[in-house]
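Got a structure here, written out as structure tokens. Questions coming.
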């Protein structure tokens, strides 16, 4: 299943709650302010970096660009997709859960 | 000065940010979902309990009642006030900062 | 609409600070008429929605907590509450409103709707669903 | 309105996810006409508002980041950024847009508006204010 | 595939409405069917024709109306959520004794059953909110 | 004392509008002056007369209108925020080519200068939001 997270981990517990319930093999897509969770070198990096071994993590490119974050600032292994990739992820998974 | 916090510490960083910037001698009033920060026996209790030695902490009674939380569930030392007490705190302090 | 799907309504927010819990309940009640396989999950601050003794008179808001007691009549009989969320908040099952339903197949015996489940169990339940709503 | 008060505009949210930063800037620009003693503070995720290289074309939103560069022309010359908030987010001052103002009393020399301050310094500055806005 | 979308926040204040729009445009471009877009909570505020954003910004309401026209999109505003927030069509105005309405072209007001039906009929339900 | 209040969220969705109202009622009861209530961001949505909440719930918009009438409260809706969100008075409707307006009794639309002025003139500014 696909989980989306749209909140900054510095402000909201959404990403943490998502990681607590997402099963190995799940996909997580970070969108809107959720893309800050993808940043390397922050106090919250470890939480997501550990999860990337069992879970595929994606970040929405247009939201990264809006916020001035180039791909080389992200945790290694996180894949960047566009809105077309978002649609593909939604279709490839059997359902979508939005952690708002 | 009076600081108000209206977010649950389980979901938002507001209370933590407030405590990081509030000086000894300040007043903090927990309102709306912020009153969950006043609960004893939670994973976030220690953060506020430590602060009560230098800061006066208040919780808005009508918001506690709406959420079914009696006073005996609160961290010792936290005072419960009504909307009239909120007005008094706002006037007694030189300014009010709302941590939204 | 002959198909039957598994619907889960996830409640993750505390009551009154926002309207999401109240408007979420309205979806559940309307949804009951569609005879799908429905359950509710209360996690994170959502567990506070089920806290006993809510009294909104002084705050002037609408006390919608009695609606949870009506869920059994709408055949919403499986209400999962995450144990870890309760513990992190210093709550126990005794803090929650007792919610029940009447089992037609067991001489209308009154049975508890609330099931306290672990995070792992909830994760399994989530995986089984067809459609997930969040409020 | 002959009185002069100390105004601080605190920015605590990241850009684009919500409209608060954009509408907050509109308050600062209008407020500049009132000739009060004004400063801005960027803390928590608010520091992301000043990140260089914002490009909203693909998301279709309005890129309002150039407005920060105009603050100097509106005589908003003191922009405090909390060091701890930058560090927690893996950012350095080099990640921020360079914001400047021209000092009339120093032959219009261009001077930096951004001052990186510690949490303790910011706490002191907050205490000095008369009116505090949050966006 | 048949996709349904739920939008839970109003225009401008949160990015939810923008993301939902961009997602739908991409889904249509990929050949998918949008079964319905359901506006709930503050999402109902996407459906007011009285919005006039600054000229240098996107016009979120008009963008929905135009997308609806171009792709025959079913844009449904929840009646209960709309009543609380003051989004009304001519019928609702009459029923509630209001002297005017404000619904934008392409939107219709209907009940929560339309959301449940979308959940049942669509292959995927996507929720955008705060 | 002279108090000013800023309301940044719409009715029902967030408790901010309720808390602001209860605070103001208590302040008036204690003999304080309310210099102005300024509605910004989604707070402008408090000012629509098209709202019809369920009969067993409080009517937030009417409550503001009645409080304004009883205490001569100055309820100011920010024009820029209101334009984005579709809150218009007859003048704004004419200026922006809209066929109707929706402002509730007791509210007036004005500029952000009214907020700054409130900050300068009042002894305390209280902000209620999300």
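As written, the chain order gives the labels A, B, C, D, E and F, with residue 1 at the start of each chain.
The rule we apply is simple: a contact is a pair of C-beta atoms (placed from the backbone, for glycine too) under 8 Å apart; a residue touches a chain by one contact, two chains touch by 3 or more.
Keep in mind that this is a model prediction, so the values were computed, not measured.
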Target subunit D, source subunit B, minimum contact steps: 1
Chains contacting each of subunit A and subunit B, listed by label: C, D
Interface sides of subunit E and subunit F: same vs different residues, half threshold: same
Subunit D and subunit F, separation of their C-alpha mean positions in angstrom: 27
Chain centre separation in whole Å, for subunit F relative to subunit E (CA means): 26
Between subunit F and subunit C, distance of the C-alpha-averaged centres to the nearest whole Å: 35
Sequence positions of subunit D contacting 2 or more other chains: 16-19, 44, 59, 61, 131-132, 134
Touching two or more other chains - residues of subunit E: 12-13, 15, 22, 41, 54, 80, 84, 125, 127, 129-130
Residues of subunit B whose C-beta touches two or more other chains: 6, 10-11, 13, 32-33, 62, 82, 95-96, 98, 100
Chains that touch, pairwise: A-B, A-C, A-D, A-E, B-C, B-D, B-F, C-E, C-F, D-E, D-F, E-F
Residue ranges of subunit E touching subunit D (in the complex, touch as defined): 12-15, 18, 21-22, 54, 56-58, 130
Subunit E partner contacts - residues on subunit F that touch it in the complex: 10-13, 41-42, 45, 48-54, 61, 80, 83-88, 93, 96, 98, 100-102
Residues of subunit C defined as touching subunit B within the complex: 13-18, 44-45, 48, 51-59, 61, 63, 65, 88-90
Complex contacts: residues of subunit E adjacent to subunit C: 6, 40-41, 80-81, 84, 111-113, 115-117, 119-121, 125, 127, 129
Residues of subunit A that touch subunit C when the two form their complex: 1, 13, 17, 20-23, 94-100
